[in-house]
């Protein structure tokens, strides 16, 4: 084994966990997957078997406590994130935790408190758009001041179809949670209020799912962002963000790529899903996290536990706004630890 | 004089009136401008002098009562539209009236009543987007059902700068009024409710003007449209409408045209103002109106007095919504006359 | 009849003649069609019947000699253009002659000589791209010097399918003739040499037609233009021109318009044919010609008889180049009359 | 050291060598750089110092003969490729050799013979466009037959400025060599003939450099490709390829990415250079090469020594064509070894 390699443990062996195992093995240099844990031991075994040198555990906590695990990736369902995160913080190892940090802001706050008590930044949340080249370019453009201050953001977030069991609430805390983070990160302000409007529902939506929805976000500095979330659009995966500023607008996520002219007209392909659209973002996120973890630091551009908490609080407001109209977001004072 | 030519009278000799005089003279076949009326007699004279065979009147009502005027174009300020329209209806001549029909729905209703009392459709309102090739193509696509039902519309309406004296209220009844008509015309439903949100204001806005604003429109069938109105965007004129449907989306108004690659990057020009962006729409609107007027009919695709009234009612709701939150639109029952 | 109206005679009542009759009637202000001539008297009658106030002649020369014909439009086949043009020049009336001026440069020269002998510029050739907004914008950009000198032009000219009887030679003198004029007009230089290359032929081409072809044009100043002519491309009508200059490139004719995202991907519609793509150009061309003709002048931006001659000479070189390789273009000295 | 890692030696420590060292260290998983060789020992030392665990050699052949080097990357000037390749083949280790294989087809043939004599495919040539996602998508589309057979290719290859000492001949064997490979790879046919045309030269070109040039390529099956090579275009780096097929066209390399609307118009950024445009292609190329090398195989999609030889032969024809007109490409019979 190379003395330079970061030895990674993975908790969660579902679709996302399997993707991440492959990513670490095939795309991430300077890091190696050594252990995979999942309560479904067969699934853990299957993922571990696909990576030379990796072993499996039926108990995820055995992965966290393994002395040869230098860093942890959490890809299990959000409801079990809190104890896993607390265990990793307790052991003092860096964690890349898939979003959400935890499913509600109260439990998110407990994670922040544990991290602060440990005295060292260890938690990164998987908001991978922060590594998407176009989103990065958009943020740099906004920060440069070339277009003046941002005033309005128009976001659209479309999936071809929703997975079984997807609920109207999940459209907020599973999907719009990305826009909550994107808006905060692009604008550099917290979210003050959220409201939700429900247009008529597409006939492609499963019974009971109000799809699409329009979410309006206001930041503490008065930026207003509207978000179309549409999880049964049928035709592909699209994530788009247009910033309207004082002296111009900038659009990330417009279709580019190969263009074909044929009997059907002219045009191009639409990405099939997020793993295609954000392949580079995921790779960069993991690579930079592994690089930082090897040297005991955190990636300053990545989403911290604070960012995960702020997103959880906005989601809670969004879910309330689905029934109650515009809802304020409630945040604790930001600890200096996360400045 | 050709017996086939439609003899047009023009009331209002400001910028719009001057544009329309030139349009009738240079672009519209089968029609001729014979009289121009404006209380500012010098201005009327100036416009008349630019068109061979046209005379001027300091009293606009002399234009309307002239026996050689077969049809009327109204391009004066909205506050004087009502009596001019009533006079033209009284004389029984077709009118192409620049938007708005009248500035409020109560006076609009009086125009509808007069037109119905006359027993003949005479009034067309100048919502020229109904003649813009891309908007027409968008509407045909929606009507074809190829993309399923429309669920959401995203509209943006940007001007480089606002004229002197432009108020926050005028952003609704002078600017968003176009989107009110566009949404009604594209979706084929009346507007049920309007709400308005004010993001932080651009530093380029004159004191007291809340610019940009986000207007949300709900139709009777549950379509939700968001409209960004931004009248001091600085960089050009843009009108964009994206329809999000059950099986796809369609976008009208994206930048096309000449593309340049140079040291500043790649891209194209943005239209300077509405007269450039909608030059073809204005020409088609006038041509089709003149063609219908010559044969005593109305253009079924154009905006009628009912459409002008419905827009006025939506504007009133929009202005109230600026201070009161979401506001219902109140309409009388649609008369069969306008079916 | 209005004393201001230009009374137009039309010779040629085929598809193009019918289009132009409609255009004059419906779109061109200040002008009226009074006579239609075609050796096929039925066809002439049919076109004349569609325009109130127009009569038909079975002898085209009767149209030209009619005292109430102020100006002539020629839309007959190129092989009969010469005598028609000479008759119109003899009578001293302005002519808008569909391209080509005449089918060969020797006969074109005779037209030039007649026009010069008459002492007055009367002939305009129907190269309507000179009125296409994007081509006009491209030319202005080149003239502005903002991108430095033009070095290379890449042109593509595609038709969905070729009409019956279309030959490899016609691909030069009927199709590429437009690019010959476009290159001359954009660059402001004569064409020095032409060469032709034949790639493998599409299976959609009729037997004997070498389609597509690549034509390379060199101007007197050393600009090289490549032209893809492809008349059975199947999918639509496209005319594209990219100018490669010292400090940048500019592209006219890229697909714009309505964009749709659906299950087939994203994209837009392709124009079906030239009458759709160049509708505005045709209208502007006719309007400006009629305006100039009414006042006894010529449109300085339009194609003159000299431009028609130069195109004929380039076509001859192109046809020779199909078999002989690179071929020089032979031109007489440009008369000051056409300066 | 991990038993699974491929231990790579690098020869050539210039700009490209430095880039590749960084790439292997930071982006390529399952592989490690262990040795860097360059006759300029300081330069070798500098590159080696940037990668933990790598050492330097002033004699490149020491790298090739090191027993801990499993595979070789050659990034030295093309003139020294032949002996380096022969030494690596002699040792039986896989080589990823930057283009060109060798600077002329005679020496390329000697490399092919050595590789065949060794009985095992070891050489991959660095034509990284074969890994560019859009080029890959274009090739798959062509192979699918959805657009019918390819007939014509339009290629443009632009650099902001040429490096010192760049000659007209280098525009062929250093730049157009990429298009020679792209055309062969996309069409699946060898190149039969090459011709070159020189438009007037940009004022930005250094004295003596004929820039831009237009290269025309014909394949054995009759496809014609035109290539604009322009190495002092000033404004950015662009590589574009449009395939014109029997039933449609497809364009790779059109500008996508972030779009900005501002006072200068609308548009986006142009890549600064090839390392930005082809970053993903380089990464994929190296990763797949390392994966294949670890298991003793070759990447079937990558460019082989035969592909390097064919490109060299086309370059020779191209350089002759600069002075002699259209020139045939001469190839030996393709050995079954490279089938």
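Letters A, B, C and D mark the chains as written, and numbering starts fresh at 1 in each.
As a working rule, a contact is a pair of C-beta atoms (placed from the backbone, for glycine too) under 8 Å apart; a residue touches a chain by one contact, two chains touch by 3 or more.
Since the model is a prediction, treat every value here as computed from it, not as a measurement.
The chain pair A-C and the chain pair A-D differ in C-beta contact count, and the higher one is A-D.
With centres computed as the average of Cα coordinates, no chain lies farther from chain D than B. Centre-to-centre separation of chain A and chain B, using mean CA positions: 44 Å.
Separation between the centroids of chain A and chain C, computed from CA atoms only, is 57 Å.
A straight line joining the Cα centres of chain A and chain D is 37 Å long. Looking at chain A, one finds that residues 234-235, 247-249, 255, 259-263, 269 touch two or more other chains. Note for the complex: chain D touches chain C at residues 148-149, 151-152, 154, 156, 197-204, 212, 214, 216, 218, 221-224, 226, 228, 230, 233-235, 244, 246-249. Only residues 1-2, 4-5, 24-32, 52-53, 133-134, 137-138, 141, 146-147, 247-252, 254-263, 269, 280, 287, 291 of chain A touch chain D when the two sit together in their complex. Residues 234-236, 238, 255, 259-270 of chain B are the ones that touch chain D when the two sit in their complex.
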